[in-house]
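These are the structures in question, set out in turn.
Here come two complexes built around subunit A, the first alongside subunit B, the second alongside subunit C.
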Partner chain A sequence: MPPIKKEINPDLCTGCSACTVSCPVAQAAPEFPGPKIAGPVSERFRLSGVAGAERISYCSNCKNCDIACPRGVPVSLMTMAALNGQDNGIRPSLNNLILANGPAMARVAGIFPHFLVKFAMESRLSRLILDGLGIDKRSPLPVFAGEYFPDVFKKRKKFKSDKKVVLFSGCFINFYDPETGTDFVDILEKAGYEVILPEGLVCCGLPMAANGFAGKAAKNAAVNYGILKKYCGEGIPVTALCPSCALMLTREYGEMFPEAVSGEPLAVADACSFIASLMEKGELEAREGNIGGMSFIYHAPCHLRAAGDGLPGYELLKRLAGDAVKNASAGCCGIAGSYGFKKGKYEIGIKVGRALFDEVKKSGASLAVSECGTCRVQITGGTGVRAAHPVSVVKKFTVLSGFTR
Partner chain B sequence: MRDFKGIADTWFDVVIIGGGVTGAGILRDLSMRGLKTVLFEKSDLASGTSSRFHGLLHSGARYAVTDPEAAAECASENAVLNRIAKYAVEPSGGMFVRTKNDDRDFEERWKEGCSASGVFFERISAGEAREMEPGLTSDTESAYLVKDCAVDGFRLVWQNVLSAGFYGGDFRTYAEVACIEHSGGKVTGVRVRDAVSGEEISVPCGCVVNATGPWSAHTAKLVGAHIGIKPDKGALLAFNHRFCSRVVNRLRMPSDGDIFVPHGSVTIFGTTSSDASGPDDSQPSDAEARYLAGLAGEIFPEIESHRILRAFAGTRPLIDLDHAHLGRDASRNFIITDHEKDGLSGFITIFGGKLTTYRLMAEKISDIVCGKFFITKKCRTAEEELLPSMSQSLADRAKKVFPPSGAELIYARLGPLFETALKKAEADPRRRELLCECEFVTLAEYETAAALDTSVSLSDIRRRTRMGMGTCQGSFCGFRALVSVFGMGLNRERGGAEILLPFLNERWKGMKPAMWGLQMPEAELMKNIYSSSLNISGGQPE
Partner chain C sequence: MNGKIYDNIVIGAGMAGLLNAVFSASSGKSVKLITAGAGSLTIGSGLIDLLGYSTVGGILKDPFDGFSTLEAGHPYLKCGRAAIDKAVRAFLDICDKRGFPYLPANGCRFVPTAMGRLKPSFLVPPSMDMESLRGAETVYVAGVDGMKDFSPEIICGAFSSMEYFKCKRFEPLSVSLPELGAAGFGSMEAARFMDSEEGCSAFIDRLKGKINTGCGMIIPPILGSKPGLWVYERVKSELNAEICESAVIPPAVTGYRLRSMLMGFLGDLGVELAENARVISAEVKNGRCISVSTAGPGGVKSHRADNFTVASGGFYGGGLTSAAGRVWESVFGLPVKTPDGWASADFSERQNYSGFGVSVNDRLNACDILGKPVYENVYFAGRIIAGADSPYEHSGNGVALATSYLAASLL
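Showing the complex of A and B:
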């Protein structure tokens, strides 16, 4: 397996511990020594062949360490590289294999009628079986959609235009949440854009890298990079609905797999910041709509904050719904991609998300809003409050009036 | 050991002065041969030259041209230490690299020298060299693999002393030999001062061995003898991480800044050679640090992106042949002087030499000492391991409380005391936490070392555990160590600043000459932590 290639230099770290103080997992789980020890401190020992990789699988890869670091140390990258190292003594377990390979699972499920899939995934027996395989039976596992987003998109009436935009929809939209994808496409077409969903795109690779399959992730990186680079070269903008996919495509490909993605880093616009730019350009008109007394609580996904480009989704909602939107500002939701589904990690995820759950419940909001699919699943699981992507909320103000979820 | 009263007026066959690797090696050798021996060290074990070097266990290749006899000795002793000292030696292997700026002809002479001295070398292509060490300069023209290793001076000394203890060998630290007593041209004993309390005791003995390295001349002066020795200062840099995976030597006529040694968690680079003002001259200058950093860049061009933790210096006991007028009782590489010829029987000085050949030096002098006591037992120090392998039962227990990769590290540092630390960690999960994160020192290990009577200062605990020698240079662990000292009820008579300042000043001493680039923010952090919390700042003149 080709490990994460970038030579990681631990010298920037002063050991100030800002990362460990900001680490939601370290606060929730005493078993985790914290990002400082898992990352730069252990890195010095990993270089001497002393693995020092114990307990680092507790890292959820939420990247709050990277956000906190005053010195720009790639803390989470070091930890992820170590998880993928050849000599770390850690072998990915079965739950890693399942959670790293969502698309493969989705393809299997796609063979069966949806009612069967839904029944099978929600039945107590299959949750017990999954529990045995390392996926906690209490975790809010989402159910595969009846029709996957690429198929939904194919059936859609073709909208042709000179203005084109590429959508990297991502696994969550593709297999669990095609409605959000459709909402976004509706908005883009309303603004006169022809949406391209390129053939051949695969999972961004983040779940693979985070579960110890960097080799597989590197292959995916090469595939996606090859396809998207072509569009970037032609000046066709690329957008993504999932902040984790976007972070992976733009930043982490280059950091983790410099050999697989030789050349300029990809430019991928966050869906909401792309919508905002359409409004700036006057290509899309948005008026303050009738929100019917609804109120929204917004949760900023960690990987969106890690990208360091502000909170475009929240800004957009603020612009359209004003005071009806509140920012929860309560840190990580605890799910961190696939982390909170795992046995032994589920409790930690719930503990991490507690502050957010309390904030959501306290707000009395009728809808939670967040860009990240698994964050939404976790919030609904932890609070019972429904959750939607900001584009779905925006759609109500711009295209259709019948927004219901 | 620090109990002075217990050995007052007790007869020892041999008193060794000097707790460096030579003294420790002699203590072990003589004890194994049955002589009742005690070692006195004026400060802490391994606090002088034996820890102030690059940590290279020579393969002999460096001396192939300039000193073939030393080269051959290094080659054979390297093999011996790999056998007996696996908990102090890191068998990293080594590489010699000639750049396009280095003399081609020397390479030929070097190969001939290696072959003549029986020093192993194997040619590899420049491309292979750069594949094995990706940071190497593209100016690399030829490269050879050799059998260099890294060796930990602190551990090597302690493991020798502890092994000697198994055979009855005794030692005292902070024990300054104030006077060598003699009558009728024969040594009768020594007077030893407890450097902490100032009290003096008498220890009668039949023989005194002066193994004080660069301090040999000072020691010899106690009996009015003259030793031809010239302390020579060698400055080095310690980098924050390993940027090469084996020892990298520059293939040229031995010169400044030729050697990179990846060592534990750090890389040591050196050295220089200049006249020292005295044997205690261990302060490198800013100019020396900058000069070294420049030289390092000639082999590893990206050196600017590597953080220098500190600069440090040691003094070598170079033989001043012009002023020595000494016979050569041993190899060219070290000298043993029996002062019987100066009219004092029972006083022997050994000096010169290098850490790699310490065991051989100890063997030679022990042969002479044993001769005086009519002991014919042969030296066995090359046959027996310094520290036996960790038992399976200990390893199994350790796995439950220490990170699996950390257990061997702790065992190497603590030796026979490992089980004490293990019990602490087993009894209390809080003691499994890291006190020093940068060097992986758990509270259990720290407390075990701190409880020893040889741990007079925090620096003594540092030398035993490496606490404070990593990235943060004591910014965090110094603070925790102080809290722990009070928690253990140790050092009641001293205040916090009194305990902490010497430790911090020692850290600042090394950080100051190399305080630029990536080390600057660390220094600021450290200064602010201690000035804002305890109202003390390091770097004050002693």
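Showing the complex of A and C:
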């Protein structure tokens, strides 16, 4: 049975090609047929049992095609569904298996002392081994954190309040970047909210679906949906730090796995959008922040743009730091979750990201800011400029009193 | 509910929505642009036709000569000549300011098409103006080996027999850019290759020696994908030739350039942009619109403003929805008048459905049968307005320019 079941109607497509001219991979890799051909055009063949275009695995699932399409054709979803072996029997490879299963890897790494993990992950030898498994040795693979976010959170002094908010922290924060999670919790508690990190949540499933394991993703969807639905029902807001998780939990669950998530779609607020609403309600105050000579270059993650809610993080930063913030507006960073780590795709990812890297370097900014963890890794890898989630900057203007430098 | 109340919320990011956002933000208004898709400018020619054909037939030398034949209800008659002139000047100013100048208004300017025709347009970038070839005796029509939808032979054949071109010699020519692959690529891929130093010099080097200096050239639109004239200027000066890019079937690079320019300007003006967001409903009270709603990941969200500009396009853009025998405007559900016989079987004829849209007054508010405005703070701009058969009369972007300017100036 096909794991991705969305009713897909390729005849919504008028063939205008707006998607293809907007696809960053088609620009960087002419061998990719582009979204119009990989999506709706091939879908007509696939629906009638004939194989569609080749090399659709070049699609990075960045969703710029969906953003461009005037007709609401679920372009990237068609390609993802086809990649999940719905019709053409493409078998996922070993690198996909590894990249789809970050949490499992993190559990293994968590058994060992952190210095060993760090050494093992950064050593030439292990990068060569990973390279052999299909993870490009040049890619800027992030390193597992010494202590994972759920453990950090558990050790934190309990803050009790009647005002509650749920945080879906996501794999990147959990295993690589607990500091950002802590920054967000600091802000929420400052505003008087008790943060709930529900037990039992699992990876949102996007890396699995994007790497050919939609069946596994569907199981995760059912688990997360079951847990979060309860909170939504009680009127407790659910927030997420990672735009890709948020998009998956809300729109994509319903589109990909209607059977696993029967009922109302989840409402999951982007972290910065939630912070902005706290400020509007007067629950959180922005202090006179000291910018400390910092300047920021903002990168909008494609999955945030695809969510259809504008750029709440950028707007918030502009409000707090004014002209010290600039939007790079340079398109996709090229990493697209796990895409840019793969052998054979690494070069494409770097080529896609070049316009952004140039913009970041040209800006002379001291810090790059972006909501997506892997975007941050890619930006720092491509430019050497440090990168942070907007909440880490917002914290300086709400909990602390600015930057000191 | 998002607390901020904007001066203007614009729906749609085609030519009309982008320009309306730029015009209103330039005059100091706070603007949010909400759009479901990228708009037809992404794939269109970026040429601003004002009125190329009189509605009673025949190519116009000057668009304004045809205004007397426009039928009552045409969007240009709502705008009036003064507003149109101002809109044209405002557009040209923006182009200059952003380093992507269009040529000044001077009657219809003609642009060669890949079908071997001359298209009467109005505001045109220098790289597409046929007039630049006036002095050239020999005009090479140069294609790129393997490129889709551009045949030098077809163009040469058609132009050689045209009265307009008597005394000119047309010669087909072909450049090979194997870096792009053997076949199947379009002008967009070639233009992106020409953005690079490698691509630009390859094109120049492979043409040198094949053409004589002082000649003219017609080429597909491949002189870079970015908004600016540097590739054009460089190719022109190194080849010592006058060059004219032709209009091609979509996706055409030339509209994409203009769109990139306008998007960059929007960012600098501080316009808030929500992409992949479809406005699904509007809240109205006492003849005014209070807010519009979009469905996002955090649930349905409403956006408040003092004014709303609907630039949602026609059937292609999604501004109009149809069911058997019925057409309506998609956001407010306004009824659209549809005369009997939506289409004519002859595609060169005028088509009723091209003129379907929202009936507006001269403040661009939708109005009822008695001419009374339905919502006084909701303005319409671009293709969504009724009364222009733009594919026939060649007026699409002209209507978008004039109405988006007028709507912005009424805020």
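As a working rule, the second predicted complex is superposed on the first by the 394 of 405 C-alpha atoms of A that agree within 3 Å, B and C clash if a C-alpha of one lies under 4 Å from a C-alpha of the other, contacts with A are read in each partner's own complex, and residues count from 1 in each chain.
Just so we're on the same page, a residue touches a chain if its C-beta (ideal position, glycine included) is under 8 Å from a C-beta of that chain, and two chains touch if they have at least 3 such contacts.
Keep in mind the model is a prediction, meaning the values are calculated, not measured.
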item: Subunit B versus subunit C as contact partner of A:G235, first or second or both or neither; value: neither
item: Touched partner set for A:N9, first subunit B, second subunit C, both or neither; value: first
item: Partner chain in contact with A:A246 - subunit B first, subunit C second, else both or neither; value: second
item: Subunit A: partner with more touched residues, subunit B or subunit C; value: C
item: Touched partner set for A:R71, first subunit B, second subunit C, both or neither; value: both
item: Partner chain(s) touched by A:A18 [first = subunit B, second = subunit C, both, neither]; value: second
item: Which superposed partner A:A267 touches (first subunit B, second subunit C, both, neither); value: second
item: Contacts of A:V50 with subunit B and subunit C, given as first, second, both or neither; value: first
item: Touching partner for A:G293 - first (subunit B), second (subunit C), both, neither; value: neither
item: Subunit B and subunit C contact sites that coincide on subunit A, given as residue numbers; value: 14, 16-17, 71
item: Touching residues (chain side subunit C, partner subunit A) in the complex; value: 3, 32, 36-40, 42-43, 180-181, 185, 188-189, 192, 250-251, 256, 263-264, 267, 270, 272-278, 294-299, 301, 313, 316-318
item: Subunit B partner contacts - residues on subunit A that touch it in the complex; value: 7, 9-17, 33, 36-37, 40-41, 43-45, 47-48, 50-55, 71, 89
item: Interfacial residue positions of subunit A with respect to subunit C in the complex; value: 14, 16-18, 20-22, 27, 30, 63, 66-72, 246-247, 249-251, 267-270, 273, 277, 280, 305-311, 315, 318, 327, 329
item: For the subunit B and subunit A complex, residues of the former touching the latter; value: 90, 134, 240-242, 245, 262, 264-266, 305-307, 403-406, 409, 434, 437-438, 440, 470-472, 475-476, 518, 521-522, 525
